[in-house]
Amino acid sequence: MAQSTSVSALIKEKRQKSKRQKLENLVPAFLFAAASVSVLTTVGILLTLIVETAMFFSEVSFREFFTSTEMQPLNRNNPTFSILPLLSATLLSTVIAMFVAIPIGLTTAVYLSEYATESARRVLKPIVEVLAGIPTIVYGFFAFTFVTPVLREIIPILDRTNILSPGIVMGIMIIPMVASLSEDALSSVPNSMREGAMAFGATKFEATVRVVIPAAISGIIASFVLGISRAIGETMIVTIASGSNKNLTFDITQSMQTMTAYIVEVTSGDAGAGTTAYYSLYAVAITLFFFTLAMNMLAKYISKRFREAY
Amino acid sequence: MSQVSVKQNAKVELQPQGEKAEAKKEIVYSTEKVNLWYGKTHALHDIELDQREQEVTAIIGPSGCGKSTYIKTLNRMVEMNPDVKVTGKIYYRGQNIYDRRFPVEELRTRVGMVFQKPNPFPKSVFDNVAYGPKIHGIRDKKLLEQIVEESLKGAAIWDEVKDRLQENAFGLSGGQQQRLCIARCLAVEPDVILMDEPTSALDPKSTLKVEELVQELKAKYSIMIVTHNMQQAARISDRTAFFLNGEVVEFDKTDTIFSNPNDSRTEDYITGRFG
Amino acid sequence: MSQVSVKQNAKVELQPQGEKAEAKKEIVYSTEKVNLWYGKTHALHDIELDQREQEVTAIIGPSGCGKSTYIKTLNRMVEMNPDVKVTGKIYYRGQNIYDRRFPVEELRTRVGMVFQKPNPFPKSVFDNVAYGPKIHGIRDKKLLEQIVEESLKGAAIWDEVKDRLQENAFGLSGGQQQRLCIARCLAVEPDVILMDEPTSALDPKSTLKVEELVQELKAKYSIMIVTHNMQQAARISDRTAFFLNGEVVEFDKTDTIFSNPNDSRTEDYITGRFG
Amino acid sequence: ACGGNEEASGDNAANNAGGNNAEETNEAANNNEAANNSADEDISGSVSIDGSGTVYPLMSRIAEQYMVEENPNVSVEVSRAGTSAGMQRYVEGETDFANASRNVRDEEIEEMEANGIENMEFPVALDGMTIVLHPDNDWATEMTVEEVESIFISGAVSDDDTVMWSDINSDWPEEEINTYGPNENHGTYEFFIDELIDGQDLKDGTNLQQEYPTLVELVNDDENAIGFFGFGYYENNQDALGVVSIDFGEGNITPSLDTIDLEGDYAEYTRQVFTNLNVDAARENPAVMDYARYVFEVADELAPETGFAPLPEEQLQEQIEELEEIN
Amino acid sequence: MNYIDQEAVSRQLPKRIAINKIIRGLFFGSTLFGLVVLAVLLYDVITDSWGWINWNFLTSVTSFDAANAGIIGAITGTLWLMIIVGPLTMILGVATAIYLEEYVKEGRVRTFFETNISNLAGVPSIVFGLLGLTVFVRMLGMGSVVLAGALTMSLLVLPIVIVASQEALRAVPSYLREASFGMGATRWQTIKNVVLPAALPSILTGMILAMSRAIGETAPLIAIGIPALLIPLPSGLFDSFTVLPVQIYYWTIDAALNAELASLAAATIVVLLVVMFILNATAILIRNKFQKRF
């Protein structure tokens, strides 16, 4: 190379002159600042919730909030604050949703991961996932204007607003989540397991039930837990389709209000700051926050243990 | 230590038998003009190959030449890949296994397979071995125990695991796992055992043990083994097939292949000119 | 065709030079008691090894013995793994590269590296080769074009790609990609080239081309090459180091290693008893 | 500087009103005023309204017409959290108007005083509390006031508050009555309790909802339903609901735009609905003032369209004059 | 050894194969369930909205008179929201992802950030709404304006963008980085010249999906207090606004007041779904186009 000495000399010269090192040090500082936003968000959420919840509990006792059964926050003569009616509604809607999401989600996952041909998978999976992309307000409309009327043909005692219909629709919404997380768990079971099983003449179903699912079980359970967390936090479907009755009941044909729907009710139109009812919002929200947080951590813990298996 | 004696037994027993039996050895598998495509990739070209009873056939060749693909056509495991097309005929004991009506599950009970990476199930040692018999309907606990013990003995691993049958198989060393997989194979009493680079993930000692085991198993089973280690092929096989780019370049007695190959490409490969 | 002539040139030129220069060959790299841990895995044990100017050193050994780890310590690429700890000293032209103040980017400009799998950037052929000079501040288009051309010529691939400099490098064949990666290396005029199994993903023909190229490059660069192909080591290297379980079992002239090894483990490995 | 950046300050006013940063709003509004003194048609800015869901249809109707036909430069935002909830925002100075389906309460006045808010309460229309039924209910379409009360008052008929139609009138079916109404957020709830059942407790198990539309659907679904809310929500859903004609002692009266009147036949169940105006906002923000005037100009015309009986024109005219005196 | 009765195995085989076939059919049906629901849902909203979607509907402001009502206000509001949320989350999200994937890599710091992000991703959206209400609307005194809504929404989708960008960066094969480092490039040079260009398509895909989430979210915006009636179009960051899903919400509950509003809600849903569909299709196109590059 004719200019060979010049190239390496040039490189050396440029290196010395460059301000690269400075930039090299500035970049991580900027990136760190950006990364801190997510931490600040968490801090912000916690602070807001805790401060205002403290205000609430300075006026209402823990005991009343967690053990009494009446929820009439705006009753002029005798306001009562109990989270139990809201909890029961949240619990019921979640259970109903999981009754739909778990069986359909899991079998869908098994079909996609074990049975479907590659081309079938390519068609079916996006369709299943479309369900996850539909805005919840649309599901709410669907539950209220379609599913409830249809269900009422079958169950005449069903109220116009009830917890059953939004529960079912919420389950449908969660199917893709359970399906795709379970599918991830199933497909991360090494193929060698399947080959090992099928090489003995096991049918696909036998290999799946006896080897693949047990090997993926923690990932599958984690997907259920995440589904539960999602159901607990879901807002619009129940707000639209389950009404605002704050009764402590387990009758799924009745109108009930979940924690999330309560928050919407109190904030929609923007409740005046400073009243006990307004602060109750935060007490409910922090309960909701910790419930979902616990579920997410649990899911994480379970799936982490599962990943260690391979 | 017991391993070593086993090995010597094997040698003493097998060498003469091998020679005596030569003439009447039946053909277990025969492959006729097999072609295979993965989608548009033509991975096997006109393969013709026989596997005889109580023999070890080694398949050698550079990476990607179709060794794994070929032995997976023998128990139709290759069909687990999407978009595979196979033409030609493969006869197992006289039946064309690519016949529509041939039940693939039955074929696979008769033909065991051992993979490159040991792949025990995440279950106990016992359950690993009992898995096959259970699937085939054996429920009797006593009988299962007996099968497990004999299979583990057959795979020369019984002494090492007899006290930890209930432990998870993932706790075993790589070499033990591989022999466990062989035991798992034996438990369904196969006729043929296919092995795809069974020692390539193992350390030298474990490799030796598995090689000895293969020599020993030959007395009862027909074995086809893929290996990238030519010395291994030379040591343990009766016949060797050399694959290149999806074709069988040469298939002959192992001695012939290694001492006096017909094809110059075989020679180049064996002397390490490529691969 | 031009390749062949280049090769012959190289041979003619290099053979005598190699012998003549023997005495005065300077040490480029010297490794003293290097130990390396990946977290708790002790991957290298007390490595001692020298690399001389205008020589090819081959590193052989079974999978997982630490070959890749070792050559990655030489340009400190091993630090890209989290949790790596290195002790001992590595001198590059007299400077300890594990000294805190040693600028690692400069080291890597002086020491090129070629990887097992060809790893061109998803950019045009031209941009691949120009990448190094560009990041080191060379912007002049004319100069860049000159550098690209000479580097591609140096890597014996110019004729094949000169008409497709603007095409994506992914469109080249594996062997061309690997030579492109070598050209990319040459573009910053390194002093040493480290190669980690540069031919293991290539077909026989491409392997041959790369081997010839290595022989040719030796005239200007010092080369360290990891290979699992013992015949390759024997063919192209001046010295060979045999690694086992993270230790250097033997390091000597290639002839000696292959004809008359000191250590029985070396012999076992070379004759294929394991690995 | 004030006159110079007229456009910018105008925008500012539009942007800030509605938040609780009263100071900034005021400042911006002042600029605005200065700029607009000469030309009234240039009024711009924003007006925020919250409160009664009963009044919402009327108020949003007025707002829409105002923005579309009268003054497109003004943004009128109407929400409907309910009288009490809206009033809570209003007393904090967050909104310019608070619609109410009842009179402002003493506690609320105290809070306004504490917050330095000067309030004017104006009636805008008349509403008739309407007792509604399932459309197929053909037995209970005529009731006396006492019968209505005994259905809704807790403990009036039985201790456990399960009341059968037959408990009220032996000719009626022996099926349990289900009661419905708006929840405590609403002035309608308060009016019903305070004025119609004299502050006694509502029957246990009464289904109280935040949203009127939900109530309509619920009653429409339940053959044994009886509920109460403003006339407008009945009028807009006549095919989905039945209505009770009430006997106040002089024969059955069906609520209608004609009977709803503070002096008329349905007077006992008639109430005024109000809007409360923040006087400071009206002073400082010409948009608020202009809109307030507009409300009383068109209230009588738009009220019937949304199910309210109009106030007498003279009364509205008087209110406009009251407004003029603010400045 | 002779324990396995090959005869018996053969005899049982047909039954086992039949079971497998039946299960396969059942599971396939279950997979199709989603498709069926989707079809019913689309059928429902399309029939409900039949005849209501026309140019007038798309370009008019909202009104009490259903025949003249339109969604231009909601469309404008949605666009304003996206103008802020898009760039903001892209910058913050990609920067965070680069920090975590390329700079901290392993260890406590990364675990801390990642745990935080994954928990944040699981926080119900209504809680973000409360955060926005408390901090942006009240504490900072913005009121329920575009900026407050956009910031709230940005925080809500930020974890999605971060995680998607992290995955995109992780999918860039490490040999590309090694090649660049091996040439003596610094970390930032490597990221800028090699890693980011290679990860860009996947990052964009993730961004689009995050945007479609932001467009469809309702609860947090209701929480920060969007008025039920608002006519002037927002023209700046400090204007009041409404968005498509909130418009759907109000029309759905107002349907009892005026049944035609249900049709308007359905029509708005169709518009929203079309927007989502276009976004998702774009994402899929990008993904497919650049999928097999390494």
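As written, the chains take the letters A, B, C, D and E, and residue 1 is the first residue of each chain.
Basically, a contact is a pair of C-beta atoms (placed from the backbone, for glycine too) under 8 Å apart; a residue touches a chain by one contact, two chains touch by 3 or more.
Labels paired with UniProt names: A = Phosphate transport system permease protein; B, C = Phosphate ABC transporter ATP-binding protein; E = Phosphate transport system permease protein PstA.
Not measured: the values here are computed from a predicted model.
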* Structure fact -> Per the touch definition, the chains contacting both chain A and chain D are E
* Structure fact -> Outermost chain relative to chain B, judged by CA means, is D
* To do: Report which of A-E and C-E is connected by more C-beta pairs in contact.
  => A-E
* To do: Please compute the C-alpha centroid of chain B, do the same for chain D, then give the distance between them in whole Å.
  => 85
* Between chain A and chain C, tell me the centre distance in angstrom, where each centre is the average of that chain's C-alpha atoms. => 51
* Asked: Cα centroid separation between chain A and chain B, in whole Å?
  -> 48
* Where chain B touches two or more other chains, by residue -> 105-106, 109, 136, 188
* To do: Would you give the residues of chain E that are in contact with at least 2 other chains, written as numbers and ranges?
  => 9, 16-17, 138, 144, 186, 189, 225, 228, 253
* To do: Return the residues of chain D touching two or more other chains; collapse runs of consecutive numbers into ranges.
  => 79-80, 211, 214, 217
* Please name which positions on chain A make contact with chain D in the complex. => 72-76, 152, 159-161, 243-245, 255, 265, 268-275, 278
* Asked: Which bits of chain E are touching chain D when the two form their complex?
  -> 61-64, 137-138, 141-145, 225, 227-232, 235-236, 238-240, 253-258
* Going by the contact rule at the top, pick out the chain A residues touching chain E in the complex. => 20, 23-24, 27-28, 30-32, 34-35, 37-39, 41-42, 44-45, 48-49, 52, 103-104, 107-108, 110-112, 115-116, 124, 126-128, 130-131, 133-138, 140-142, 144-146, 172, 175-176, 201, 203-206, 226, 229-230, 232-236, 239-240, 260, 263-264, 267-270, 273, 281-282, 285, 288-289, 292-293, 295-297, 300
* **Of chain B, residues touching chain A in the complex** => 75, 77, 80, 82-83, 104-109, 112-113, 115, 117, 119-123, 131-132, 135-136, 170, 181, 184-185, 188
* To do: Under the touch definition given earlier, write down the residues of chain D that touch chain A in their complex.
  => 50, 79-82, 84-92, 94, 183-185, 190, 207-211, 214, 217-218, 220-222
